[in-house]
């Protein structure tokens, strides 16, 4: 993770809301950014092994997680996703 | 020439060694048949959890190679196949191959797994080393290549008993074929490379160990499977008896190695120390709570490879216990849980200790079937049953035109096997240089349509994958939804989008509907994108105008219980792919003209061998040497460990190099500067003060190393103290050795010390060889060796045994109590603690030989500065990857051979030098290099030259241009996009992963949320 | 180059509270190189502020924009509409840019998003160090190319003072004593004898002591 | 050489006597009685008393005011001036003010950094540094000029001094640095406290080699240790201080109640040794908040009674 991302995260830390109880049956919507070479492959393998996880996550493939830009994460949050998962 | 050479090669064995040779040859103009007796390639490496010394996941680094092999236009995979006869002679062999029935038509199999799911018959999984089960219908492992299922006829209920056929009933493509028969195929090839691998020692005959009766006593390969994430415990380590996490674990080394007890394996298996260290370290990461008690029972710890000693040190720091003992009895624990072990300590005390689990570090053997092949081919084996090779031509067998690589020529680790596989490829190519390119295939495409500037006309193809996707996801609904997406003008559902028929259909639809973008909603782009890119190219579209939505691996297969949500997610996935592809642009592959010339730096043994191997293949080579004379360190070496004289060989080699029409030798030469990248480097050199410039497509660094000058044990102060090379000279001439009475060797002088924490690899063998020579020349003399661990790895162990049989006395010392050397009344003395007697001993010696460390040359730093390649902490040049790219450097087009990489003996230097020639030939055999167009593009207008990219790029593609501002060398770019991630000006964008495309995907994913959100 | 550090987001939030339309405005030269105030950071900050506005239900509209340099009139042309729209411009430029906006747009509120720190160099990625204080009369030829005014805590011109220990400054053990560096360099250059040359009393009139400074080009040239 | 000012310190030094100075720190309040008491304690045993200038950057009564008080009591003060807190105008004006009261000794220092004191957020001035201040004093006294170039109607007459630390690193510039201060107009030097006598002797030898001891009077600084803890603190925490292990050991080797006496013994022995060293013109006894022990040290070191000069 680039220093800038860490700083952005640190900045976000200032704005974190106090934890609130989540509504019943609420499911978070999650967006994942995955490196083509490792995490995206791992997600494929999870399928081959027929593991099971919740369908509330979709993956955007990146050539490398180093390609990640702040704007991807921030845009996702601004538009309402509940979690961003960066894997690589 | 009597008969015409054939431009094809057969590689026997689909493990990492065979794969390496096959890829090198196929990438440099030969057609390759890769014969594998199991249903899939990958060999033992695929079974490993991690690999030392980096603890990389074995599968993660291997899998790209498997995919490359499986897809290669010039590699034909022959699985379930065995060679039955080879006739003819070098250059033109006729090979018969028995191909066993698969019972599943690979052309029809879509790897959906229905057959396995429905198959009622379970059998032990060979891949899991018997630790897990598979079905009669199965794939070898999830990432196997080819990704085609197979029916094991010996287990199949229908084949054995005539009823069942459950698989056939459920196979969605009708791929099951019980009529399939074994067949014999005939091939014509110019050479054969044997890479049949090894079998592990079976410890059952060791009844004192109780292997097979004690559930928690497993072999190291079985243990790999227990550790592995795709193994039977899915990476959560539990012991076999009660499926609980073990805490106290022991490794027993040298099981079936360095032993004559109920086996005849007097050699060292070379890899077990390192894999035990690796397993111990990985285990400590696996176990929860961090209170693991891990012990390794060993004789000598042999961590003699690059960065290996650091792994040993790490293990010590992490609390792994090292016990120098060979347990003699293992008994089952209470209620068959765990075990207890009896061993004698060095002090002679008998200990009975209990463990939760123990691992037998089993040795490597030549597998029986491979031995049969050797016999069938008439290839000579050595006394250890491995293929006999010479140190001076390490991959050549006794039959001309047949080469061998990997463990079949002796125990070795993966990097050495990979090196040899490239060496074998080089030797093959060398003998078939005149027919390079004659059988290799090349694909042709129709001219590309110009779609730039057109509005997107996107076609979406939604795959049912039989029922793999359609069973969970409502593919019809997804197809209808796709039609509503912006830019989509066509959408349809296919039963199998990947089938050959559908490819033709897609092509037709693209033309009929003037599609200019395509989305395939099916499986993973990692395996299928190249195929669909190909379909687009065949339809006259640029291959980069397709995107895939992975609605199988990342949807239907993992959300089977929630079909509605899966369908909703599939719609989103398709919408995201549509959003992305709408912004995709046709990309041109980058072409680089290759300068057909090699630069070899260093005229020692490695540089000479590389030069000759390249030149014999017809590649022009410039060899530069800084000294006045070629030959390097090899000029001072008497013989190889097998006793082959080096002098004559070297003189002959130098003569051949100096007289070769394709080689220009330049002595007293130094390198001044260098520019360029793979395919077109330009290096300016200074010859005797005159500077000139060499254009070259690749470079091989073979700058050598040197014996260090010791700073202890009175070296340089007393004339009776010598280094190895100095003593070799004494041995070779004069009567100094005959006149003397007492000799001593001290090992690890300057190696394995805090300031130089690596093992110099060659010294133990050098010492035992020297000690034997002394005893033979002067049988009345006494010879002592002061050592820390004797590391006569592999078959070199034989020399150690011989030395002991000849009466050489070995005295162990530890780093904190090194021997003391002093002179008293003119006599030279050594004082040390004897570990057997547990007493101090003092000897007077006539000659003291110091096993001085091998150190890198200072010049390496200069190469690093000029070519931007890497050095390790010890000053040796670094390879691109310690396991699978041991000859390539991190900079494309640069290769490495010999001591500049790490201390190594003659045979390993020669193999690496030949390997470097092979890797170089992959580049030099091409007129142009085609590089992916999916790379980062630099917008110089908005770049402010802040250098963030310059500093972050691992490939050195951004550079400071002549005008002082940043420019981008696209040839070096791999498209990773780190530059784009760090650029504060957003001046870098990776083609078809541009920010606007990714943001369009984010927007698409969040469309509903955004539109339905409360007013802002 | 000018080095700054973005203010804590809480401070910025407090600063922009009370305005309706806020333009987070990047300056894509010096402060972009230190990843604090470029157009990219403006984009990030604007996004964070928008999310905060949503969370707190504050009726603030937040946009981001930016130009090449906020200290030259011509560059503002491309941002005319953005600035027109805003009632407050949160400038991520150094103090120069903030003041330039304040001077250029009398009707707009100019707010500082950055704390301007110093003129510095990039020693390594992510490590910027102060190297010049613009005293207006350079003495680097007397001090082996190392500036005691910006790099000595006491700005001592005939150092080192008694607080220099093992080459480090007394106020911070991580901080090199500038005078130690000067001595080391003089020695390396074989010019240690120059150390005994006394640097005379300094004319500070060219520094801030002389009031706000100005450079008039054509006069200088004539 | 004859004295050029009315400084008693200068006269004693010029006459070839070993001079003895000591120092007192002004109070953290406006009541002067305590510092007057301290000065009275040592008045017969020293030739001059340094008055520190907001030492360690802790705000105190101003050095000039205390010097005036001492002068009015008939004592000989040394005005310490640091360049940290005042610009060249204030410094010059204070020098004139001091001269008007007949204060004839000035010690020019740069001063500790304010971050160590009670106002760490304050600004420092350092318009001049210690050497430049020395030059300024000489310019005013010898040429009768202000820094700005104007003539001084009645130039002050000051015996100007500076500090020197023979122990700080880098050691190689210790003598050149002294030479530089001499070149700037230092007429006397008070050194950092000396515990490592061998090293001091080495330094002094090099000073003499360059003939500097003939251009400047060097007063060797000594500070009696009160305890082993103080010895350790000085060794480890005070920059530029060199306290050899033997000294720490010796202090720690006696019982706690006997440690003060041991410290005084060491101090006296140090003076005895230094008396014999070529180039040492006197002693500066810094008995930190322990002024009452100065007479004992002076007497036991054989420096009492003090010579009279006119």
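Here the chain labels run A, B, C and D in written order, and each chain numbers its own residues starting at 1.
As a convention for this text, a contact is a pair of C-beta atoms (placed from the backbone, for glycine too) under 8 Å apart; a residue touches a chain by one contact, two chains touch by 3 or more.
These numbers come from a predicted model, not from an experiment.
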Problem - Chain whose mean Cα position lies farthest from subunit C - result: B
Practice task
Weigh A-C against A-B on C-beta contact pairs and write down the one with more.
Solution key: A-B
Handout entry: Euclidean distance of C-alpha centroids - subunit A vs subunit C, Å
Key = 35
Exercise for the section: Could you put a whole-Å number on the gap between the CA centroids of subunit A and subunit D? Expected result: 67
Handout entry: Distance between the centres, which are taken as Cα means, of subunit B and subunit A, whole angstrom
Key = 33
Fill in the blank from the handout: dist(centroid_CA(subunit B), centroid_CA(subunit D)) in Å evaluates to 73
Exercise for the section: Return the residues of subunit C touching two or more other chains; collapse runs of consecutive numbers into ranges. Expected result: 35, 40, 54, 125
Exercise for the section: Would you mind listing the residues of subunit B that make contact with two or more other chains? Expected result: 952
Fill in the blank from the handout: Touching at least 2 other chains, the residues of subunit A are 4, 71, 75
Exercise for the section: Kindly provide every pair of chains that touch. Expected result: A-B, A-C, B-C, C-D
Problem - Residue ranges of subunit B touching subunit C (in the complex, touch as defined) - result: 944, 946-948, 951-952, 983-986, 1016
Handout entry: Complex contact set, residues of subunit A against subunit C
Key = 3-4, 7-8, 11-12, 14-15, 17, 70-71, 74-75, 77-78
Completion exercise
subunit D partner, complex, touching residues on subunit C are 153-167, 170-171, 180, 183, 192, 195-196, 198-202, 204
Fill in the blank from the handout: Counting only contacts in the complex, subunit C reaches subunit B at residues 28-29, 32-33, 35, 38-41, 54, 122, 125
Practice task
Report the residues of subunit C in contact with subunit A in the complex, numbered from low to high.
Solution key: 6, 8-10, 35, 40, 43-45, 47-48, 50-52, 54-55, 125-126
